[in-house]
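As C-alpha cells, here come the structures.
Each of the two complexes below includes subunit A, the first together with subunit B, the second together with subunit C.
Showing the complex of A and B:
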C-alpha cells in the first residue's frame, strides 16, 4: 500500500512547506528575542551566546563523554518506555474485553488507576519502590536510575494504550466476530487473526500521538536525577553562571524536541486523514 | 468435477443416520430481554432438502438461523443437528460450526484479506488442512461462483454481489453438511441479486441441504422443497411451494403474500 503515490501524498500534506516555514520562523523569533533580551542586559553581545550554544550542543545532545545521557537518552527512554507500555497496554486492553469477569474488572481498575495518575507522581513512586538491584536466582542485575524512570513513564503509556486497544477492538463491527465464529474460529483465533489485524490501522495514529506526548514528557526524568538533556542544560547553565544564557539554552532544548516531535505530529495527522477515508 | 460439497465418510456420533432429519427443531423459545423472539418453533430439515423461511421483518427468522449454529443460545426447547443437541451445555460449538455453514446479509468478509485468503483461512487454521490442497479447492470454488479472476481482490474492491459470492465460497470451503442463508440478497441491488441466486440454485441442485431466510418469493417458490411462514415468533403455516403459494389458508399468510407478490 505504501507505493510512490502514498509517499508523494505524505510529502505534500505532512511537510506543507508554508506551515513548516511558519513554525521555524516563530522559533527563530523566540531565539532572536531571547538574545536581544540578553544583549540589553549585558555587554557581551550575541556572539558570546551563540558560541556558548555551539559549545554546549554536543553535551546536550549526546551527554558527557563516555556516559549515556543527553537528548539521545531522552529518545532511548521514549523508545523503551513506548515498547514496554505498548506490550503491557495490549495485554491490559485485551484483559478488558476478556470473557472472565475478574480479569475484565482487574484490567479496568488498573487502566483507570494509571490513566488518572500524574506522571511525575508515578515516576517518584517507581523510583522509590524499585530496588537498585534485581536478584534473579543468584544473579544480581543492577537497575540504573534511567531504567527505573523508563518503567515509571511506561505505566501511563500502558494505561492509555489499553484504552486504545479496547476502543479499537470495540470499533470492529460485531458481524466480523459472528462470521468468524460461524466458521468455527476459536475466540483467540478470531481476535489475533481477524479482529486485531483490522485494528492496527486505527490504532497507529493515536499510538503515535502518545509517543510524541511521551517524548515531550521525558524531561520529567531530570527531576529524579537522570542525566537527560534537561539535567545537562541545567548543569551547563550552572557552569556558565550567566543569566543571559537562560533563555537561549532552554530555547535550544525546545528546538531539539520540536525538530524531533513535529514531523511525528505531521505524520500522525497525515495517517489519520489517510485511514479516515478508508472505512 | 467431483462434487465440492460432498462430506464423504464423516463419522456421525449421537446415533444419527442420514434417513433422519439432519436438523430437527422442537418447540424452541428465545427472548431478548422482555422481547419474545421465538415462541415455540418446530421444524425438520431432511438431508438434501431446501427449506425457505419467509415472513415479515422481526418475526424471528434470522434469530432462528443463529440458534441453529449456536451463535445465539436458546432459552427452551431442542435443536438437533445430525443428532447433536445444540442446547447442550457441553456442546462442542466448533464441531457444530464445522458442519453448518452460514452466509450473512452483510457478507461479513474479512476486509484485510483477499478473496482467496478469505476462503482459505478457516480450512487452514481451523481444519488444519494442507495449504496447497486448500488453495486448489478455493480456486475451484471461486470458479464455481464465477469469480476466478478476483482471487487477489480485496473485499473493498468487489461489488456487493461479488462479495456475497465470495462469502458463499468461503462457507463451502469448510465442506459443511448444511448451509444457512440469512437474507443473503437483501442488501444487494436487483441486478446482482440474480448472480447470487444462480449460485444458490446450483448448490441446491447439487443436493446441498439449505435453509434460506429470504424475501425473494419467486426464488423460494422455484428452489424450495418446503416453505415456512413465520410471524411474531411462531410458524403460522408451512407446506411445499406448489400448495403453499396457491392455497395458503391462514389470513396472516395471505395478507403477507398479497403485500409481497
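Showing the complex of A and C:
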C-alpha cells in the first residue's frame, strides 16, 4: 500500500500540473501584452520583447562571463547557507535539550533571538559588522560579500533548524530513551545512535520547507550589493531603458524562482504524506 | 526626561556609545516615525491578508472549477516566488503602468506610492499563505456540522459565514499566528522600495552618525518587541475566542 501510494504521490497530479500551467500561462499573457505594447510604441528597427529576454537569459542565469553571479549564485548561496545553518542548528537544538540548565537557557535565548528577527535586519547586521577580511596569524583571508551574505542568511536557518531538531527529539517516545538506558548506552550514544537516526526521517519535510524559504530569501542579498539574479535583472533593465520590458523581465525572474521552488514544495508535501505517522 | 537624554549624551562623550537616535530630538522623531510606519504597515497588511485568506478559502470551496484553479494558481505562485521579487514586480513593473494623478502642488505623480505598493504586495504574499491556513481550518470542521447547518436551510454563504468560518478560525489560530509574525518581519523588505519604515530610517541614521552597532541593537530590540506584541495579542485572542468542547 505504501509503495503504490508512494509511486503515484509525487508524479505530477492533474491539480499541480494545472497550477504550473496557470503560472506559465500568466507569464505568456504578460509577454504577449508587452509585445503588443512594444509593437505600438516602437517605430520599427528595434528588437522585440522575446528576443530581448532570450538575449539576457544567459546573464541572469549564469552571471557576467568569468564572474560568479546570477541565478547560479542564488542557488550556491542557498546550498551553502543551508549547510551552515543545518550544522549550527543541530548544535543549537541539542543545546536546548542539554542536561545543563545554563546551556539549555542560552540555546533557547539564542534560538528565539534569531528566529524572531527579520531576515533583512540580520543580513545587514552581518554585512556591516563583520570585517571584509580575516587576519589569522600573518595570513589574511578575504571575505567576499556573497560569503558574508551567506552567513547572514544562515543565521535564521540555524534558529529554525534548532527548533526542528528539538521538536523531532521530543517527538521520539520516551521508551526509546529508557530501553537504550537499560542496554547501558551513555547519553551521547543514545542520542547519536538511537534517537537522532530516528529523527532524520521526520525532520526532512520541514527541513526542505525551510530550504525553499531560504531560496526565496536569497534575492535579499541584492539589497546589500551582491551580484545575484535580482541585481543583474535591474542592471539589464537599466541597460535596455525600455518600459515595456519591465513586466516581462521581472516576470522572467519570478518564473525562474517558481520553476526551481515549486517542485521542491510538491516533493515536500509528498514526503510529508509518506512519513506521516498513521494513527 | 531631559536629564535622561543628557545622561545618554554624556555616555557618548565619556565612552563613545552613540545613542544619538534617542537623545537627539530630530533623530528620535525620525526613528519614531519610522517605527510608526512599520506598525501601520503591519496592521494594514495583517487585516488585508486575513481578508484575502477568508475570501480565498471561500472561493476554494466553490463549485466552479475555473475559479478554484485561479485561486490555486494564485496560492502556488505567491508561495513559490521570492517576496522581494514580487514587491519589485509590483512597484517597478506594475507601478509605472498605473495612471498618474496631479497632487496639490500641481505635479503629476504615480497614483500609488511606495507605501501603497508595499501594502499590496505584502498582503498578497501573506494572503496566499492565509488561504491555505483557513482552508486547513475549514477542513477540520466536521462534516456533520455543515450538514446540520444545511438542514436548517442556511445557504452556502450563510453556512460559511455563520457556522464554518467561526469554527475554522479557532482551529487555525496557531498557524495564523505564525504567518502574521512572519508578515510583520517581512515588512522590512519595504526598505527595498524606499518606504520610510524602521529599517530604512535606521540605515539613514547609521549612515549619518556611523553608530551601526548601537542602531542595530535598537533595531533588533524593536522587532523583537513588535513580534512579542503580536504573539501576545494572538494568544489573548485565542483565549478570548475559546469555546468549550473545542481544542484544549
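We take it that the second predicted complex is superposed on the first by the 230 of 279 C-alpha atoms of A that agree within 3 Å, B and C clash if a C-alpha of one lies under 4 Å from a C-alpha of the other, contacts with A are read in each partner's own complex, and residues count from 1 in each chain.
We take it that a contact is a pair of C-beta atoms (placed from the backbone, for glycine too) under 8 Å apart; a residue touches a chain by one contact, two chains touch by 3 or more.
Only a predicted model underlies this, so the values are computations on that prediction, with no experimental measurement involved.
Engineer: Using the overlay on subunit A, decide if subunit B and subunit C clash or can fit next to each other.
Structural biologist: Overlaying the two complexes on subunit A (C-alpha atoms) leaves subunit C and subunit B fitting together cleanly.
Engineer: If we overlay the two complexes on their shared chain A, which of subunit B and subunit C does A:257 touch? Say first, second, both or neither.
Structural biologist: In the superposition, A:257 touches subunit C alone.
Engineer: Once chain A of both complexes is superposed, is A:193 in touch with subunit B (first), subunit C (second), both, or neither?
Structural biologist: first
Engineer: Counting touched residues of subunit A, say whether subunit B or subunit C comes out ahead.
Structural biologist: C
Engineer: Is A:184 touching the first partner subunit B, the second partner subunit C, both, or neither of them?
Structural biologist: In the superposition, A:184 touches subunit B alone.
Engineer: Between the C-alpha centres of subunit B and subunit C, what angle is opened at the C-alpha centre of subunit A, expressed to the nearest 10°?
Structural biologist: In the superposed arrangement it comes to 100 degrees.
Engineer: Taking the superposition as given, does A:64 touch the first partner, subunit B, the second, subunit C, both, or neither?
Structural biologist: neither
Engineer: Identify the partner contact of A:225: answer first if only subunit B is touched, second if only subunit C is, both if each is, neither if none is.
Structural biologist: Neither partner.
Engineer: Thinking of the overlay built on chain A, is A:144 touched by subunit B (first), by subunit C (second), by both, or by neither?
Structural biologist: Neither subunit B nor subunit C is touched by A:144.
Engineer: Quick check on the superposed pair: does A:176 touch subunit B, subunit C, both, or neither? Answer first, second, both or neither.
Structural biologist: After superposition on chain A, A:176 lies in contact with subunit B alone.
Engineer: I'd like to know which partner A:129 touches here: subunit B for first, subunit C for second, both or neither.
Structural biologist: Only subunit C; A:129 stays clear of subunit B.
Engineer: Look at the superposition and give the distance in whole angstrom between the closest pair of CA atoms, one from subunit B and one from subunit C.
Structural biologist: The answer for the closest subunit B-subunit C C-alpha pair is 24 Å.
Engineer: Given the complex with subunit A, which residues does subunit C contribute to the contact?
Structural biologist: 69-70, 72-73, 75-77, 79-86, 88-89, 92-94, 96-97, 181, 185-189, 191-192, 199, 203, 206, 212-213, 216, 219-220, 223-224, 227-228
Engineer: Quick one: in the complex, what on subunit A touches subunit B?
Structural biologist: Those residues of subunit A that touch subunit B are 175-176, 178-186, 189, 193-194, 197-198, 278.
Engineer: Residues of subunit A touching subunit C in their complex?
Structural biologist: So the residues of subunit A in touch with subunit C come to 15-16, 18-20, 22-23, 26, 113, 116-121, 124-125, 128-129, 212, 215-220, 222-223, 230, 243, 246-247, 249-251, 253-254, 257-258, 261-262, 265.
Engineer: Given the complex with subunit A, which residues does subunit B contribute to the contact?
Structural biologist: The contact residues of subunit B facing subunit A are 66, 69, 71, 93-95, 97-98, 100-102, 104, 106, 108-112, 121-122, 125-126, 156, 167, 170-171, 174.
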